[in-house]
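Below you'll find a set of structures to go through.
Next come two complexes, and both contain subunit A; in the first it sits with subunit B, in the second with subunit C.
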Partner chain A sequence: MTIAELIRDASEEAVGYSSDECIKCNVCLTVCPVARVTDLFPGPKYVGPQAQRFRTGRAQPVQVPGVPFALSPDVTVDYCSGCGLCTSACPAGVKIAEMNSQSRARMKAGKRPKLRDWGLGQTDLVGRVGVLFSPISNWALANRPIRAIMETTIGIHREAPFPKFGRRTLQSTWKRRQQRRGTAAVPGPERAIVYFHGCSANYYEQHVADAAIEILKRNGFETIIPEQVCCGLPLISNGIYTEARQRAHKNLDVLAPYARQGYRIIGTSTSCTHTIKAEYREMLDIHADDATVVANATWDICEFLLDLHEQGRLDTGFGRLDEDLPYHAPCQLRSHGIGLPAMELFALVPGLRAADMDHDCCGIAGTYGMKKEKYPIGMAVGAPLFDKIKASGAPEAACDSETCRWQIEKATGTRTRHPIEILLQAYRVADAAGGTKRGPLAAAGT
Partner chain B sequence: MPSADVVVIGAGLAGLTAAIAAAESGARVHVLAKGHAATHWGPGGIDVAGIPAASTPRDGIRRLAGQPGHPYAFLGDDVAAALEWIRPHLAAGGLEYVGDLDTPLQLVPTSIGGTRRAAILPAGQAAALSPWAAGERLVICGIAGFKDFWPEAIAASLSRERIWEGGNRPASVIPVSVALPGLAARHNLNALEIARRFDDPAWRATAIEAMARAIASVPGSGGRVALPAVLGIREHAAVLVAVQQRLPAAPFEMPLVPPSVPGMRLYAALRAALIRAGGRVQIGEMIERVEHDGRLVTAVVSAAAARTFTVRTGALVLATGGIAGGGLVAERDGRLREPILGLPVEAPPADDWLSVDAFDPAGHPLEKAGIRTDAELRPVGADGASLFDNVRVAGSLLAGERYIRERCGDGVALTSGWRAARSLSAVPAGHAAEPGSERP
Partner chain C sequence: MGEAHAYDVLVVGGGATGAGVLRDLARRGLRTLLVERGDYGSGTTGRYHGLLHSGGRYVAKDALAARECIAENRILRRIAPASIEDTGGYFVATPDDPDDYVDGFQAACIAADVDCEEIPVVEALRREPALNPGIRRVFKLPDGSVEPWQLIESNIADARAHGSDAWSYQRLVGMERDGDRIVAAMLRDERSGSLTRVTPRFVISCAGAWAGQIAAMVNVTVTMHPGKGTMLIFNQRMTDTVINRCHKSSDGDIMVPVHTVAILGTTEQRVEDPDQYEITRDEVAALIRQGEKLFPDLGNMRLLRAYAGVRPLYQPPAEVTAAAMKDGRQISRAHTVLDHGAMDGVENFVTIVGGKLTTFRRMAEDTVDMVCAKLGVTEPCTTADAILPNQVPGKTYWLGHRLADHEAEGGGDAGLLCECEFVTRPMLDDFLDRHPGCSLDDMRRGTRLGMGPCQGGFCTFRAAGVLAERAGHAGVADVAELADRAILGFLRERFKGTRPIAAGRQLQEQWMISGVYEGGLGVESLIEHETPEASREVVGAQR
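And then the complex of A and B:
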C-alpha cells in the first residue's frame, strides 16, 4: 500500500469510524427533513451510524456465503437527500451525512449508474447541449407531453423545476467581451478575483454572474473567469465519485495557480463553493496540496462581501428598498459554518425588511427533488417554507442556491433571486437618486 | 464576520434562556452550538428542586441553597422571577406550563414504570400532578407496534406500592393497547413519527376515536389515562385539546427515551422566541478558540469549511453543559478540562470517580463537577477573583449542583441563563466595534 493510499483510507475512515461516537440519541432524526415527510427513509441514524457497523471500508461490500444480501444492509440510504442537517445537529460529532453519501457511492460502485442519475450528474454536459439548441431545448422542457415522456422513460418528474437555458454560455459571452476590450494586463490579487461561476451561471442564470461582476467592480475588484468545469457536486450526490474526482482535478489544476498567487476564488453558487471548500477533500479524498490551497482561497460571494464590510471596504451606498423579503438559507450554506452572511448584508440596505424563514430545507437538495420517485418528498419537505413565503405576500424572495431558487419559484410563484441581485438593485436605486458612494473609495476621494 | 453584543455557546435551556433575555434587552445575540442535546434528551418539564425531603419547589430551593457551594445559594431568590419571565415566551410557542414554586411536589409515574418528583410540567403532562382520589384508576394506553412504551410492563411496575414510596397512588393500574391507522405494520416506529402523524387533523381524528374506544373497553370509568408523549409537535396544543375532549379519562403524556417529543417542543418554542427577539442561532459549530484581551473576551472563533468563522463580541455566555453535554471533558489522566476557555474545573479527585455505585442515591460525585463562579456568574480562580469580566457561566456547567439527583437542572439552567443576561446588560455596551466603522 502506498502512502497516498494509506492517507486516503485514513480519511475515509475518519468519516466511517465516526460512527463509534454515536450514542444513539436520535437527535439526527429530529432534524431530518426527509424522514419528516416519508416512511421510505428510516432516518439518518438507522442508515448511517447504525448500519455502518455492517459495512466495510472496501470498495465492495463483503458477501457472506449463504446470505443473499451484501453486508451493507440498507438500500434506503439512497433516500438521503444529502442536506447535511443531521451532521450539524449531532451532539457527538458523527459525520452522518458524509457517511451516507459514501455508502451510497459504495453501493453504486462497479454498477452502471441509472441513465437518469448519470444525466442529472452531468450538469455541464446537459448545459452545453441545452444552450447549443436553446430555443428547442427550452421549448422541450416546457412541453407537457415531452415532460411526461421524460418522466416515464428516464424518471425525471414532469413537474420538476427546470430553469431556461441561456442563449449563450457565460464563458462564450465573457470571451467575446474580453476580445472586444482587447488584452489588458490582469490586475493582481488585491484588485481582482477569480470567479467560479458553476453550471447555473454559465448555462442558465447569467444575470447572477452579471450582478456579481458588477458588484465586485463597484467594490474595486476586476473579475477573472478561467475555463472551468462543473464542481462535481451533482455527481457526488448521485454516487458517481469517479467522474466527480475527474471534474475536481480539472478545476484544481486551473484554480490552484491563481490561489497560490493570492487570488481569492469567489462563487455565486453556495453549493459549488462548499464542494470546493470541503467535499473535494472530505468526500472525494483528494489530498493533494492543490485541494487545500484552493479550498482556503474559496469564498461564497456574500461571505466575501461581508468580509469586505468587516474591513470597512464595502461600498455601503445602498439605496432604499422598501419591501419585505423572505429569505431561505440553503442547506449547503449552513454546512459552510459561516452563519447567514446574506442576512447581515440585507441589514445594510435601508428600508429592506429581510426575514429568515428559518426552515430546514426547500426539498430540492440539488437534483434529489427532480427525480420521479423523490419529487413528492421534496415538495412535502418544502411545503411549510412555501406556505410561509406565500403568506408573507412579498413580491420576491431571496436564496443563495440556484436549485433552491428554482424550487421555491416553481412552488410559490414568487420570483426568487440571489441575494446579490437584491444588493445590486439597492445600489442602482442609489445611483438613480444620484447618491454618492460610501466606503473606501469615497473615503479615498474626499 | 459578524459582530455581536453577546455570544452564547450552547443551545440548551440555559443557553437559549440567556440568549432570549439578552436579545429582549436590545443586545445583538449570536448563539453557537455544536448540536442539539439537553432539550432533545429531557422530558420537557421544568424541574426546579425535586428532592425527597422537599414539599414544594420553593422548599427544595431553600434546602439546596443551604448546601455549601450550591448554585441556588446565589440564584435561589431569582428562580420565581425567571420562571414567570419564561412562561409567556413558551406560551407564545403553544406551550402552557402548569405549576409554580408552591405547587406540592408529586410523584409522577414514568414510562419505565417508575416515579419521579415534579411540580412544574407542560400542560400535556400536567394531569399527573394532582393527588389520586380514593378508588381512582390509571389506564396505561400503549400503541400497538410501538416499542418504546410497554403498557403491560409499566402497569405491572406501577401496581407495586413501593414504587409510590408507600404514599398516595392510583387504586388500580390497567394496561391497554390500541392499533392506530397505518402503524401496525411498521418497523422502527418511533415517538417522533407518531407525533408528526398526530399533527395531521384527519389522521388524529381517527386515531383519537380508536384510543377512546380502547380506553372505554377497560373495566371501570373515569380516572386518568397515561399516553406515550407523542401528541403532536407543531399542532400539540390542538391535539391536546382534542384528546382531552374525547377520551373518557383525563389524559397525560409520559416522556419517552430520546428523541424526546416534549423536549423538541420546548426547543422549538425557545428558538422561536429567540428569533422573534432578533437573535441568531447557528447549530453544528465547533468552537476552535476564544480570543481575549486580558480579562475581556473579544471574539469567538468556530470551525468552518476550509477556514474559521469569527464573531466579534462584547460578552460571552458559556452554557456548554456538563459532562454529558461536552462542556466538561475528561482526560485519561483523571483531570477534567473545560475545553472552550480552559477554565479551572472544580471536581472530585479522580480516585473517587469509580469508587461509588453509579446508582447511589446520593448521586455520582462527578455530577457536582463544574466551574466555580461568583454571584454574578463570572468564572473565578482559586482565590475567588474573576477570570473574565465579560463572561458568564450558565446551566449544568456550574459547579456544586447535582442536576440529576437533586432534579434541579432546569431551575438552575433557567435562572442562571436569565441572571447571566441581566448581569451582562449591566455591562456597558460598545465592546464590540461596529463593522465598517474603521475606515482605512
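And then the complex of A and C:
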C-alpha cells in the first residue's frame, strides 16, 4: 500500500506520516483561528508537522528508556481547538488537525484524565443524570455561586455556555410514541431514514429532533431511531481514545446493518456526522468494513435535503419569512467538504435574507471554549463573529452545530437555531396560509 | 612562521579515531596536539551511517570484529551515554533471505557474546508497523545510534582537561625526516594560510582514508582501499528501532533512526581519491529498491538527501586478493596499527587504519599501547572506565528532548532559528562561543541547523544574521560581505546533496526556497563574491 493510499484510508499511521508532505509554506498558520488570538498556541505548522518529527513510538506509547512517560514532549498542542481548518487549507495534504488530536491523546494516554476533561467527554452520562434531575441541574447550571465553584474545582469556566437539560430524553419519548402507535412495518430504505440524534438532541434540544422528523416526513421519509450512544467526539477531543473507540464500536454495530440494507443515516449535528464520516477511521483507526459502510451512508441533514432538491424531490412549498438571518457555518461543517447546504436551502425560502457571516470559528470548538483556561481564547476567536451578529440587529441567527449555537447565544444574546428549525417555520407559515404543496408529495396527489 | 615545540605527540586527523587517540595519550600523561584539516568530524566520521554496532552484522563472517563491537558497545553506553540513542536493533528475515543464514544466526551471536533474543514477528510489527509484514523471523540485539560530533567534542574536552590540545582547520602539509626519525611537521592554517612548524617526539596518523597521503610525506607507502558508501536520509523516522536484514551483508540493508531522520545504507564501491566521488541517481534508485524489502512503502516516503562517506579500508599488500579489489566487502573491518619503525624504518611514526566508529576507543587503546611502549610510558589505559565530560551517567539521548526543552520555555516558532530541527538562539550562541570563526556548515554539524525538510531554506538567513551580528560586535568591518558569503556557501553545500534525489515534495520545497532566495532576496547578485572554496568539492554530499 502506498502512503497516498494509506492517507486516503486515513489510519493513525498515515496521519503521522502525512507530515512528510509539509513544505513549510505557513498557509495553515494563516488560517488557524486560535493562533491568531493567543501566543499560548504556536500554531498548526509548529505543533503539527514540525513537532511530529520529534515524537517517537508513533504506534504505541512513548518508550524511552529512563524517561518517565510524563515527559511527553507535547504541551502547547493542547491549545489546538480541533476545528480542522488547517487540514482543509493545507495545500500539501498534511493531516494537521488529526495529528494534533493524536498527539494530545498520546500526551494524555497513561495519565488519568483530568476530572473535567473526562466529564466533558461523558456527554452520555452527564446528559442522563442531568435529564433525570433536570429541574435541579438546570437551576444549578444557572446559579452563579455554583458556577464559580465549578470553575475552581473542575475548571469549567463560569461564563461558559451550558444548554438546559430536557425533561426526558429523545430516546424515551420516542419509545413511548412508538409503543402508543403499536408495531407497524418499517418501510424500506427508499421510504425511511435512520436518525443519528447525538447527545444534544437526546438530552437538551429535542425540538431539533422534532423539526428533523417532521421535515423528513413532509418529504416522504419515516424516521427510524435505533438505540445509540454518543458519537465519541467529546472523548476524542479530550484525548480519551480508548473510551471513544468503545462508543464508536457500539454505534457501528447498530448502524452497519442498516447501512448495508441501503438506509441512509442522517444527523442534525455536523460534529457527530463528521465524527462518523471521518474520525472513526482517521482518529480512532477503526478499519473494519463497518466503519466505511457507515461512513458512506452518513449525511448531514441539510446536505440530504439539498440532495433531494437537486433531484427535484424536495417539497419547496416554503412560506414567506421576511427577516434578516445571520448564519454561521461551523468549522466542522467545513471539514465535511459539502459547501454550505443550509445557505442554499435558505435561498429557497421567499423573503428570507440569510447572510453567511463568513467567520471561521465561533471559538467553542466542542468543549474547548468551556474550559477555564481556554474560555478567553474561545471568546477572542469568536469575537468578530459576535460583533457582526450583534451589528446585524437580526432577531435570530442560525447555525448547524449545537455547541456553536450555545456559544453564539451566550455571547450575543441572539437566539440561535438550527437551519431546519427555520425551514420548518417556513413550512408552517405556508400551512397557515393554506398554501399548496409543491414537490413529490403534491405530484403523488396526496 | 610559527613554531610549536612543547608537544610529545602529534596526532593527524580529527575524526573519531584521532579524538580517541588524543584522549588516551593525554590521560597517560603525554602532551599531545591533534590537527585536523577541516572541522572535527568532517572526514568519514561525519559521513557515516550512525550505527552503534551490536556486532550482529559480523557474527557470521568475522567473529573477532563482532566481539570487539559488542565489548565497545557496552563501554560506550557507559562512558558516552548522551551521544547514544538506545534504539535497540532488529535483525529481520525477509522472504528474500536464505534460511541457512537465518537458522545459524542466533547461535553465531551467542558464540560471539552478542546478546540476541528471538521475538515474535507480531510483536516486532506492533512496535514497528512500517516494517514489511512479510518478514518471517525477528531477532532483537543491542544496536543503537551514535552522534559522532558530540562524541568527538567530549573526547577532545577530556584531552584538554588533561593538558593536551586540538586545532581544527590546520592541515599537515609536510614532514621533515632525518634518517630513521621524523623531526618536524609543517601545518598550514586553512583559513589564513599561515604556517606553523611543530617538533613532536612522535607522530600518529589517524587520517583514515587519507592515511596514504600522510605516509607519503615521509616516503612510506600505505596502500588504502577507500570504499565509498552511499546513504539516504528520510525526512522522518519510519522506525524507532535500528532495522538490519538478517543475511550476508549487502547494499541498502540497514535502516538507522538518527535524531529526527532515518538513514538507509549503505553501498560499497572502490574509489581512487577519497575527495572525488559522485552519487548517481541509479545508485539512489537501487538503494531504495533494496530498502523496500524492509519497508515496502519506502519509495513513497520523503527523501531529504543522499550523502556518501569513504571507508578507511586497509589490507596488507600481501593479502590483497583479486576478489577484494573488486568487492570491498571482502576486506576485513578489523583495524590494524602499522608500526612504521618495524616495517619502513621510521621509528617515531605509526598509522592506525581500518576499523569502525563503534570501535574507535579500542583502536585508540591499541595504538597508544604501542606508542607508549616505544616511548617507555607505563601508564595504563583508562579510557574505558572514565565517563566522558559533559555526559550524565545512564542518561542516553532522547529524540523528544529538544521539543520538550523548547516546550518548557513556552514553545513556538518565535524562539527558533531552525524550525525543522528546533535550534534556538542560545544553542547557536553557545556553539559559536565554543567554536570561534566557524562556518554555517560547521554550525550545521554542531547543532543540526538546516538538516530538516527545508534543508536550510528558512534558517540560513537567520543564522547568517547571527554570525554577522556577532562579527559586528567583535569589530569585523564588512559584516554584510561575511553574511553573504556564509549564505552562498551554505546553500551550495545543502543543495548539492539533494541533486541526486530531488523529486516530489523535496523538489517542490527546493523550488519554493530558490524562489525565496533568488526571486525574493536576489541571491544571484552575490555570485561575484563567490570564493573558489565554495565550488571546490565535486560532491562532498554530507548529512
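Criterion: the second predicted complex is superposed on the first by the 418 of 446 C-alpha atoms of A that agree within 3 Å, B and C clash if a C-alpha of one lies under 4 Å from a C-alpha of the other, contacts with A are read in each partner's own complex, and residues count from 1 in each chain.
Everything below uses one rule, namely that contacts are C-beta pairs under 8 Å (C-beta built on N, C-alpha and C of every residue); 3 or more make two chains touch, one makes a residue touch a chain.
The model shown is predicted, which means the values in this text are computed figures rather than measured ones.
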Mind working out whether A:Tyr46 is in touch with subunit B, subunit C, both or neither, as first, second, both or neither?
-> both
Counting only touches as set out at the top, which of subunit B and subunit C does A:His309 meet: first, second, both, neither?
-> first
Mind working out whether A:Leu340 is in touch with subunit B, subunit C, both or neither, as first, second, both or neither?
-> first
Which partner does A:Pro395 reach: the first (subunit B), the second (subunit C), both, or neither?
-> neither
Between subunit B (first) and subunit C (second), which, if any, makes contact with A:Tyr17: first, second, both or neither?
-> second
So, A:Ala92: does it touch subunit B (first), subunit C (second), both, or neither?
-> both
Examine A:Cys25 and indicate which partner it touches, taking first as subunit B and second as subunit C; both and neither are also allowed.
-> both
May I ask you to decide whether A:Gly413 touches subunit B, subunit C, both, or neither, giving the answer as first, second, both or neither?
-> neither
Under the contact definition given at the top, report the residues of subunit A touching subunit B in one complex and subunit C in the other.
-> 25, 39, 42-43, 46, 92
Footprint of subunit B on subunit A - complex, ascending | 25-27, 29-31, 35-36, 39, 42-43, 46, 87-93, 274, 277-278, 295-296, 298, 306-307, 309-314, 316, 334-341, 343-344, 356, 358, 439-440, 443
Sort out for me which residues of subunit C touch subunit A in the complex.
-> 86, 126-130, 235-238, 240, 260-261, 296-297, 299-302, 394-396, 398-404, 407-408, 410-414, 419-420, 422, 452-454, 457-458, 505, 508-509, 512
For subunit B, which residues are in contact with subunit A within the complex?
-> 1-2, 30, 34-37, 40-41, 186, 188, 190, 192-193, 196, 258-259, 264, 271, 275, 280, 282-286, 302-307, 309, 311, 325-326, 435-440
Enumerate the contact residues on subunit A facing subunit C in the complex.
-> 1-4, 6, 13, 17, 19-25, 39, 42-43, 45-47, 50-60, 62-67, 71-76, 92
